[in-house]
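Each structure below is given as structure tokens.
First subunit A sits with subunit B, and in the next complex the same chain sits with subunit C.
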Partner chain A sequence: MILSIKNLNIGFYDNQVYKPAIRNLSFELAAGEVLGVVGESGCGKSITNYALMGLLPSNALVTADRLELCGKKLLELNKKQWRDFRGNDVAMIFQDPMNALNPTITIEKQLVEMLSKMQKGKSGKEYRQMALKLLDKVGIPAAHLRLKNYPYELSGGMAQRVVIAMALACKPSILIADEPTTALDVTIQAQILNLLDQIRIDSNMAVIIVSHDIGIISEYADRIQVMYSGEVVESGTARQVTTNPYHPYTKGLLESLPGQGDKVPKSDLNTIPGVVIPIERQVEGCRYVERCPNAQDICHTTPPELIQISNNLSDLSRCHLRG
Partner chain B sequence: MNGIKHTVGIMITVICITILAFGLIRLTPGDPVLLMIGERGSDPIQYQKVATQLGLDKSITEQYQNFLSQAVQGNFGTSVVSSRPVKEELLARWPATIELGLFAMLLSLLIGIPAGIIAAVYRRRIADYVVTISSLVGYSMPIFWWGLVLILIFSVTLDLTPVSGRLDILYDIEPHTGFMLIDSLLSNAREEYQLDAFASALHHLLLPGIVMATVPIAVFARITRSSMLEVLSEDYIRTARAKGLSEFRVIMFHAFRNALIPIITIGGLFFVSTVVAGAILTETIFGWPGIGNYIVSSVYARDYPVIQACILVIGMLVIIVNMTTEYLYRLVNPRMRH
Partner chain C sequence: MQNQKLMNIEGIGKNYRVSKSFFGSEEIAALDNVSLELFMGKTLAIVGESGSGKTTLAKIIMRLENSSAGSVSLINKAKEITNIEQIPKAQFYSKIQMVFQDPFSSLNPRKKIWQIIVAPLVNCKTLTREESKDVAAKYLEMVGLSASFLDCYPHTLSGGQRQRVGIARALVLQPEILILDEPLSALDVSIQAQIINLLLKLQRELGLTYLFISHDLSVVKHFSDYVAVLYAGQLVEYGGAIDVIDNPMHPYTKALVESSFSFKNYRGKNVEIRNDENMETERHEKKWKKQAVEGEIEVSKLRSSHCNFASRCESSTDACYQRKPDYLEINVRENLRERKRNIACLHV
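Right, the complex of A and B next:
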């Protein structure tokens, strides 16, 4: 396993008050596998990713029974080890490519900066060749012209390709893609996702792809993990989760896709009523109970456990109401 | 096209400056002729003679035309007080002011910008509070009072720094450039003597330099802090950290580069005003033989030609600094280059 997480808890100190965010998160990921993480804004998807990168702010508290990535115990890394780890073993691409690149530095310098960190002591010309190769690999036409460009001279899709190239510069074993297509045109989305998939196959890299769009995730992920207010509420193979969802939140998400759901005409959009409860709030029962159409008495009083729901060990759901 | 617009803008500014330089002094009460010949019992014939000599008997428009046509040729007339060409007087004093100004600028950049960076990086920690509070104090410091306090402490009580002047009277340095730091090294004396003179010149610059730099240091610290804070929360800083770069590189290479854009724009604007205003006060307090000091004494003496020339030259300096600022702005901001 490349990534192994058991009972990860993340919280933040706000004026000396501890506010929990991620509760008892456990999952594993193998080389070449794609994990899709789905959930609404504020459900803790990004916090988990930042924890894996060591990029949480200094008021965050991370605890876990096990938190291992590429054989390294993340909780024990010091600052220097984190720096070597980031970029080397794990790389990340971000939601808004136009803001993810430094506006005052050329593409070439931003790429070479990464390359020279990984492979020291080469000449400027060699680094340049390597940067060119990377841009070619991510499908940027006329790469030699792009090297001298500044980020504002690129389109959103091109900028995201540059960000991907930068992430790949060090051949990471795991790539975290945080909403990689959200800020892009729909026509570009598929191109970027196909590119990511191609690269994954070529280098047998594990990928965590985060999105609020379960439709996109289901096409590219092997497994899907649905998060709600800091907890995993359902996880399983992409097929299981999308065709036979168990948790009412997952069902709600799938029915909210345009043209889906049977309760409303095809021309209308289905929605989940209500809003996510604040991630730091403590509740007695199920965190989804306020919005759940089938809530029972037990749902208000007892928090549900994550339990196995099929023959497959990894198909889990956090709901009292079986079937 | 842009270049033409720009040039026209500068020309209009220059014309406005000449009108101000010429007009402002004539609006102040006091008659230069009376000052020259003595107010009591002035003889009308004598008065007329001096007024004609100074060109003050002509109409205002004629005087302005005269002033302008002379100024274009680099001729600013003759000083009423010393009867020497104003041009000569200015050339003898400019280097002292420029030397002090550059020294103060160097101090304010070298102290203000790092202080601002440290405050932003250690936000809401002790270092930040120290910088924020001291820059607030520095910014609100009345320069004339601050200068006197420093003289009292360091010159009078502790006897660490000289009270006034540019050089110890022990040294005799012949002027080449007018910059004492350079002239002391250019003098054809022994090397030891040169270095001693250089040290003495630096020693004399220290206190007035600090006084003049106080407000700019505070301004630069504040601008740098707020600009860095804004940049540090940008997505590309997160990217730089995700690349596994050292914190120093993230801050100095990725963040500071972007933070420089507002620092240059606001800093450039602020700098001229604080240095010009600061020069007048600082030079008066420290008896610094520069333009600031000269303006003050010329105003008292109603030396019209000198005041006009000084305002004109300061106005030109402001334009030059603004142009430099704009150039630097384009240099750090690639989006402005095309």
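Right, the complex of A and C next:
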């Protein structure tokens, strides 16, 4: 296993008050596997990834029984070790490629700067050659011309390819893609995901992809993790989660999408009533209980555990009523 | 009343001059000869990539931009046709209003919710503070928010609540037509469904006509009556929403439909389950490939003499580079019914 997390808890100190954000998160990821994380905004999808990258602010408190990535214990790394670790073992691409690139320097300079930090002791010419190769690899046409461009001269799709090129420069064993295609058009979305998967196969890299778009996650990921208010409420293979969801939240999400077979056009869609419970609020029972259509007494009093729901070890659900 | 025409968009063109270099500039066509109609109580969806001219069209209809060619006219109940340029602005904007994409930047952060909602009224009526609050409360209720939000500021509201405020503001002048410029794209899935339901309810109750700009085909199919597909400023396909999305005929529309993601095509769907061990290995080896059209949208030069989509089109031939396809009306026979479809492709 390339990534192994057991009972990860993340919280933030806000004026001396501890506010939990991620509760008891456990999962594992193998090389070459794609894990998709879905959930609404504010449910803690991104916080886990920032923890894996060591990018949490200083008021964050991270505790875990086990937090190992590529054989390294993340909780024991110091600042310098983190710097070597980031980029070499784990890399991340962000939602908005335009914000991820420095607008005032050329693509070539940005790539060379990054390469010279990562792989020391080469000449400028060699670095430029490497930068060109990287751009070729991510499918940018006429890469030698693009090197001299500033980010604003690129389209969103091209800029995202440059960001991917940067992330992949050091052949990380795990890539975290946080909403990598949300800012892009549908046709470009498909191109970018094709590119990511090509690279994943070539280098047997593991991918964590975060999105609020269930369509993208279920088509692209091997395994899906549904987050709700800081907890995993369901996880399983793409087949399991999309065709046979157990948790009422997963069901609610899938049913609220337009284009279900039996829906008359312009008829009302199913909705999940209410809003996500604030991530820091402590509750006695299930965190979804206020929005759940079939909540029982036990749901108000006892927090449900994440339990196995089929004979496949990775199919889990956090609900009292099924499984 | 059935299918009464409300707005006629005829041959709209919009050219922009972009500077190429020190020595000169070049004119590009952001919109080229776009003709559409809005019918009372119906929804027309406009889909296309960024750069296809969707928002430019909305701006021209809202008189925020002048068109370079063509005209937009409103048709009243007595079937009188008036060019929108000739309608006094106060009267015009009480007929047509807009809901914007980003509910975070489209509400003034320094005004209270009730002030935001009644702001359009200031140009038309004089109201006391109490009257304004009453009006605002009425429209808040209409969009499903309680009157307790009246004295809040926008930053205390969630994205979905803000979008509801944006809709209330658009409704306050009792318009006939609403332009919805990607009103859902900044919202979460479960909130999206709530806003779709709200817009559908308002359409049923108030008989509103929508011009719905979107890039999400599954929403368009559910929400709209007609759909127009724009590519690089040109209409490439137009027809009934369900007809077009279920049976796209233009290669670009086909590409759009194919590259949409749906949870029904989950990964591993085509892998047979034999036993769990096998699935494990197959899952990692299986190559995944989404149908994706190559390349990116290019701006259309003024008076271009070829099909704008030709360079990305799989079925393009030499003819596509030699002349521009005409935008033609054809009859499509589908389920034993004839349906009208407009399409601009040499090969259909």
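Here are some notes:
Keep in mind that, in the parts below, the second predicted complex is superposed on the first by the 312 of 323 C-alpha atoms of A that agree within 3 Å, B and C clash if a C-alpha of one lies under 4 Å from a C-alpha of the other, contacts with A are read in each partner's own complex, and residues count from 1 in each chain.
As a convention for this text, a contact is a pair of C-beta atoms (placed from the backbone, for glycine too) under 8 Å apart; a residue touches a chain by one contact, two chains touch by 3 or more.
Everything quoted here is computed from the prediction, not taken from an experiment.
Superposition model on subunit A: subunit B and subunit C are shown accommodated side by side without a clash. When the shared chain is aligned, no partner comes close enough to touch A:L145: not subunit B, not subunit C. By the touch criterion defined above, A:T242 reaches subunit C but does not reach subunit B. One of subunit B and subunit C touches more residues of subunit A, and that partner is C.
Of the two partner chains placed by superposition, only subunit C is touched by A:I272; subunit B is not. With the two structures brought together on chain A, the opening angle seen from the C-alpha centre of subunit A toward subunit B and subunit C is 80°, to the nearest 10.
In the superposed model, A:F94 lies in contact with subunit B only, and not with subunit C.
Of the two partner chains placed around the shared chain by superposition, neither subunit B nor subunit C is touched by A:I298.
In the overlay built on the shared chain, the residue A:L55 is in contact with subunit B alone; subunit C does not reach it.
Looking at the shared chain after the overlay, A:L75 reaches neither subunit B nor subunit C.
Touch criterion met: A:S218 reaches subunit C, while subunit B stays clear of it. For the pair subunit B and subunit C, the least inter-chain C-alpha distance in the overlaid model is 8 Å. The contact sets of subunit A with subunit B and with subunit C never meet. For subunit B in complex with subunit A, the residues that touch the partner chain are 234-236, 238-247, 253-254, 257-258, 261, 332-335.
By the touch rule above, subunit C contacts subunit A in their complex via residues 49-50, 158-160, 188-194, 196-197, 200-201, 215, 217-219, 221-223, 225, 241-242, 255-256, 258-269, 273, 276, 279, 283-284, 287-294, 296-297.
Those residues of subunit A that touch subunit B in the complex are listed here as 53, 55, 79, 82-88, 91-92, 94, 96, 99-105, 113-114, 117, 150, 152, 163, 166. Of all residues in subunit A, only 30, 32-34, 40-41, 155-158, 185-191, 193-194, 197, 201, 212-222, 237-239, 241-243, 252-254, 256-259, 263, 265-272, 275, 311-312 touch subunit C in the complex they form.
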